[in-house]
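A, B, C and D label the chains in the order they appear, each numbered from 1.
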Amino acid sequence: MAEQNDPIAELRNTSKHYGKVIAADNVSLTIQRGEFLSFLGPSGCGKTTALRMLAGFEVPTSGDVLLDGQRVNDLPPYRRPINMVFQHYALFPHLTVFDNIAYGLRQQRPRLQKAEIARAVDKALDTVRLPGYGTRRIYEMSGGQQQRVALARAIVNEPKLLLLDEPMAALDKKLRRDMQIELQTLQRQLGITFVLVTHDQEEALSMSDRICVMQGGKIVQIGSPRALYDSPNTRYVADFVGKTNFFAGVVTASGDSCQIRVVGLNHTANAPRSLVIGQTASLCLRPEQITLQRNATPADRISVPVTIAARIFLGEHTEYLVKNTDLGEFLVLVPRQAEAVEGAFEPGQAAHASWRDGVGLILGND
Amino acid sequence: MRLYALAVYLFLYVPIGIIVLFSFNAGKAASQLQGLSVQWYGKALSNTFVVEAFQTSLIVALTSSVLATVFGTMAALALQGVKGKTRALFDAMIYIAVMVPGIVIGIATLIAMVTLFDVLNPMLKLIFASAETAPQLGLGYGSLIAAHGLFSMSLVIIIVRARIAGMDRSLIEASADLGATPFGTFRQVTLPQIFPGILAGALLAFTFSFDDFIIAFFVAGSNTTLPIYVFSSIRRGVTPEINAIGSMVLAVSLCLLITAQSILRRGAAKS
Amino acid sequence: MSDRNDFISRTKFMEELMRYKKGSVSRRHFLGVTGLGLATSVLGATLSRQAMAQANIGDRVVIASWPNYHDPADFESFKAATGAAVDLNVFGSNEEMLAKLQAGGTGWDVFVPTNYTITTYVELGLIEPLDMSKIPNYDANAFDPRFAGPGTVDGKIYAVSKDWGTTGMATNTANNNSKAVTSWKEFWDITQGAFSGRTTVHDYQLTTIGNALKYFGYSFNSVDPKELADAEKLLLDVKPHLFAITSDYQPAMRNGDAWLAMCWTGDGKQLNRDMPEIEYTLGKEGGEIWSDFYAVPIGAPHRDAAYALINYLLDPAINMKETLFHGQPVADARVNAMLTPERLADPILYPAAELLNALEFGAAETLTNPDRAELMARFKSA
Amino acid sequence: MFPATAWFVAMLVLPLIVVFVFSFGERGPAGGYVPAFSFANFLNLGARWAAFKNTMVLAPIGTIACLFIAYPLAYFLAVRASAKWQTMLLILVIVPFWTSILIRSYAWIFLLGGKGLPNVFAALGLGHIQLINTPFAVLVGIVYGYLPLMVFPIYVSLERLDKRLLEAASDLGAPPLNTFLSVTLPLSMPGVATGCMLVFILLMGEFLIPAMLGGGKVFFVGNALVDLFVQSRNWAFGSAVAVALVLVMLVTVTAYMRFTRRWSGGRDDISLM
């Protein structure tokens, strides 16, 4: 949302080493006030370490953590105006819902009035749509409810930065979907900066203003969901964000109009990073960039004969796993209306897969 | 924090150090070091009373802990299916057995048995024609094992029951589903699951019995356990022999622990 | 064995003993010269003959006794001679022994009661009249009747004399201008004064209450309620000033924690031997004189072995070894004949006649009296 | 279940019934027991008031002293100690347990006696301080004897504690001390309760430690009981004292369990063991 050029937090060349293990490697990143930023990557990529350095649970081995322009490396977590929603919520089992939410308020000095605390807690409970649940005990709450309590416990303190460490991991799909929307609404409503850690690309794509993809302790790419999806910098990002087919080939032309030869066929496509002629690379095509036809193939398209290997019905779309003798197996996404025209394909049937030359990307194999 | 821990360990080990140190005392006095020697170890080992007391303690501790573990585990397993009044009654007995001080158990066992024997022994004499050959009931191994086992069994029941409660019930169902007979399920699934609890209970039971003085003091009859021997030796003048006994018991338990640890580690490495 | 052995002179015996101890003569030489070897070998022969006559005395015998009261070597030689191993149970007070026997199931074959307890054991039917034919080593004429007498009840011998002694006090004179405490009056007074926190008393009723009664000049054995009330008041007044209520006072005396202790002959002798500044004295007003016995409880599981053991321990040669080990005087003239004049003149072991005459034997009533038992318990739990 | 039931009946129920019956009897002329029916023994319990008072004062004090020394150690072991040393350090806490308590207490007789610590104090110019045969000596013995029993349950509850809860507290602005007081301490309460219960129960029946380190001057009910059975041989009165002790324990322990249960919010995670 609001693109004020006023970073609220910043990681400046921060690294974190545990003995010989490098969890974060020279990470630099600015977090804009009011944005919703996600760290995305598989487990062990360093996203949680980055989050914990922001929260103050980890002190960087080198580099700085800045908050509102101030270096806060040595500021303990309890002095940082940052709150976190923990992975398994970390709700205090010995306290009621009310006391859990009031916990942070009660730590404030000078002390807040009891009535003030009660008002704030009730408001937070309303915000997360759990009014009247204050007297409940934690173990009396369902998973989704616990998640909201954890959220309420964090937002009630009006933190400058709200960190969310895989908050949806323990929820079932439907609930996760609901919570994602709720969280997004809430973020807009509160105007708090959210930093989310997730390994779920769908979650990251649907919720974030910006996504920071991490690999091996390093940031690989930062950008809006759309930018990441449409122009991933590396094969890793392309693979992690959305579904992608990779066809291995050799670069035949570089520069503005990059070309790659895949099994005897030359393709033209954009290359976000410069490539050298003769190097191996991949042509990377999203399943929705490929179409399936029974017979005719338009002349302006590259077409290969395939056999249908499997069909997965997804509602709006149908996903086909098809097989070409040279290219191997790859995915094709057929929208419902297209299928209505062509008719559904059955496994075992022959068809033609085609795409327009120039779509897709050529990415190095690093 | 570290300093504090160090201080507590000092507190724990200074007396142990003194015991070991004086066990090497060349002199006879228990409070004055007069050169070093291992003579007291030789004395202790060649002292038949010490060796016999040790044997008695070992027999009692082994028997009572094994019986208590077997019966306690059986009871803990059987209790799963018991509800209502029987269950409440049984729970109350466990509660009381754990709570009533050992000294009261010792005294109660003593007077109950003595009263019982006073009734039974004349009857035995009547039954057997000759008073000379009639068996006489008396305090001894039986009463010792039974009295120690009472507390141990309660411990085992509590520990094993906690273990059963923490066990995943679906494992039993899975085993049954895969065609195992109830006994097969017990042997292959339940037992391995609750085994750590059984082992812990058995070890505790053994330790308790081996170290118990007060119950044995009342119900041991003519048997002398190691703690009884030590107590009567300590009452008037200690020689470093006692320290040597203490050091040896310590050394043996340490060896056992190290062996157990390495076996466990090897077992863990294998799986 | 004959009563009139041709023993060597005492001086010669001591010389030989010293030489043997120093290692300049062999054990065999020592035993040969002193005649102990003869005694031992004769005894061994007697025993093995007995053993054969009685077929078998079994492989063990259980004795309940006091700590440091027997030379383990004597038990070993008994085992070698008879095949019966000796199992020693150690006790701290006569009350405890009685309690054990009353509870039954002790498994004891022999035990060592003190004079004043014997009639009670007889009344309760807990000990058997001894079959003297099985104890040939006991020669009634050789024993001082003053100490051996309590073993005979209603003309029957129930217990035979082991040794005897007194209960006095041990003072660490270094803390009292080199002066020993010499009366019970002084004992209790100094405890509430200069020796506060430095005195120990026994942890059984007979001597503690008895010597408190002596403060007022009452009988050591009094059970008079008024007199006991006085004693109780004294004891309760003194309690905060005591170092301990214990019969294990040697360590505290040795390391200087305690300066004054209610004390038995043997302990007094040992303390004085090692630390000459600790003196053993008897109370001027009197106090306790006692003698210990061997007795056989009813239903002893190894009765034959019990008799064999008593007989063995009463052999003068063995008994002398025992007395040298435990340090109490014995009542057997045959043993005394073997001891040195120095030992027989030791004022700790053999106090002056006027002091001895003031002493009283504990009375049977004292042991069983419920008021005294309860008084002691109140004193301890106060 | 049958063997266990038989065992309980034969060794627990029947003996306790006998003790109960005996408590209404009388002492025999030379000691022991004579059947009778009177409340004299119970009326005479006042004669052991000092022992009961000592026990009721020193058992809680001993328990609390144990707790205060054990808690920081358990905390150190569970939270601060490095994983490499943790097991080793834990084992080191139990090892002293394997030497007879008798022998260990004897070592304390030496340490607290004239040649031990008081000697050191005297050398430091603090004058003569008597330690042995005082309630203090008994407390030292108690703490020494029962420390592992207190350390272990607390250690287990602290070890089980979810470390993220501590991070959560810190994240919500609680400084370390507040985190400890508002999260660590309440959540380790089950361990504290178990440890206190164990130590308290054992202390209520304690005999050995006061007998050895109290010099016969610090008397617990246990000492009074032993005295009644092996010295005065008053089985009837002894039974009455035993009945009274069991009743006192039943009342205090049950009340304690009620209290801790309510205190932990009715959850059933406070087990006896």
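By definition in this document, a contact is a pair of C-beta atoms (placed from the backbone, for glycine too) under 8 Å apart; a residue touches a chain by one contact, two chains touch by 3 or more.
Because the structure is a prediction, the values reported are computed rather than measured.
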Set of chains adjacent to subunit A and to subunit D: none
For subunit B, the least number of touch steps when starting out from subunit A: 2
Farthest chain (mean CA position) relative to subunit A: C
Two chains sharing the most contacts, counting C-beta pairs only: B-D
Centre distance in Å when subunit B and subunit D are each reduced to the mean of their C-alpha atoms: 19
Distance between chain centroids, defined by C-alpha means - subunit A, subunit C (Å): 92
Euclidean distance of C-alpha centroids - subunit B vs subunit C, Å: 37
Centroid spacing, where centroids are CA-atom means, of subunit C and subunit D in whole angstrom: 38
Where subunit C touches two or more other chains at once, by residue number: 251, 255
Touching two or more other chains - residue numbers and ranges from subunit D: 113, 115, 229
Numbers and ranges of subunit A residues touching at least 2 other chains: none
Full enumeration of touching chain pairs: A-D, B-C, B-D, C-D
Complex contacts: residues of subunit B adjacent to subunit C: 29-31, 47-49, 52, 110-111, 113-114, 117-118, 136, 138-140, 221-224, 232-238
For the subunit A and subunit D complex, residues of the former touching the latter: 55-57, 76-79, 82-84, 86-88, 90-94, 103-104, 107-108, 137, 153-154, 157
Subunit D - residues contacting subunit A, complex: 162, 164-165, 167-176, 178-179, 182-183, 186-187, 189, 264-265
Footprint of subunit C on subunit D - complex, ascending: 27, 29-32, 47-48, 50-51, 109, 113-115, 130, 132-133, 215-217, 219, 223-224, 227-234
Interface residues, subunit C side, partner subunit B - complex: 62, 66-68, 72, 85, 87-92, 103-108, 247-248, 250-251, 254-255, 299, 301
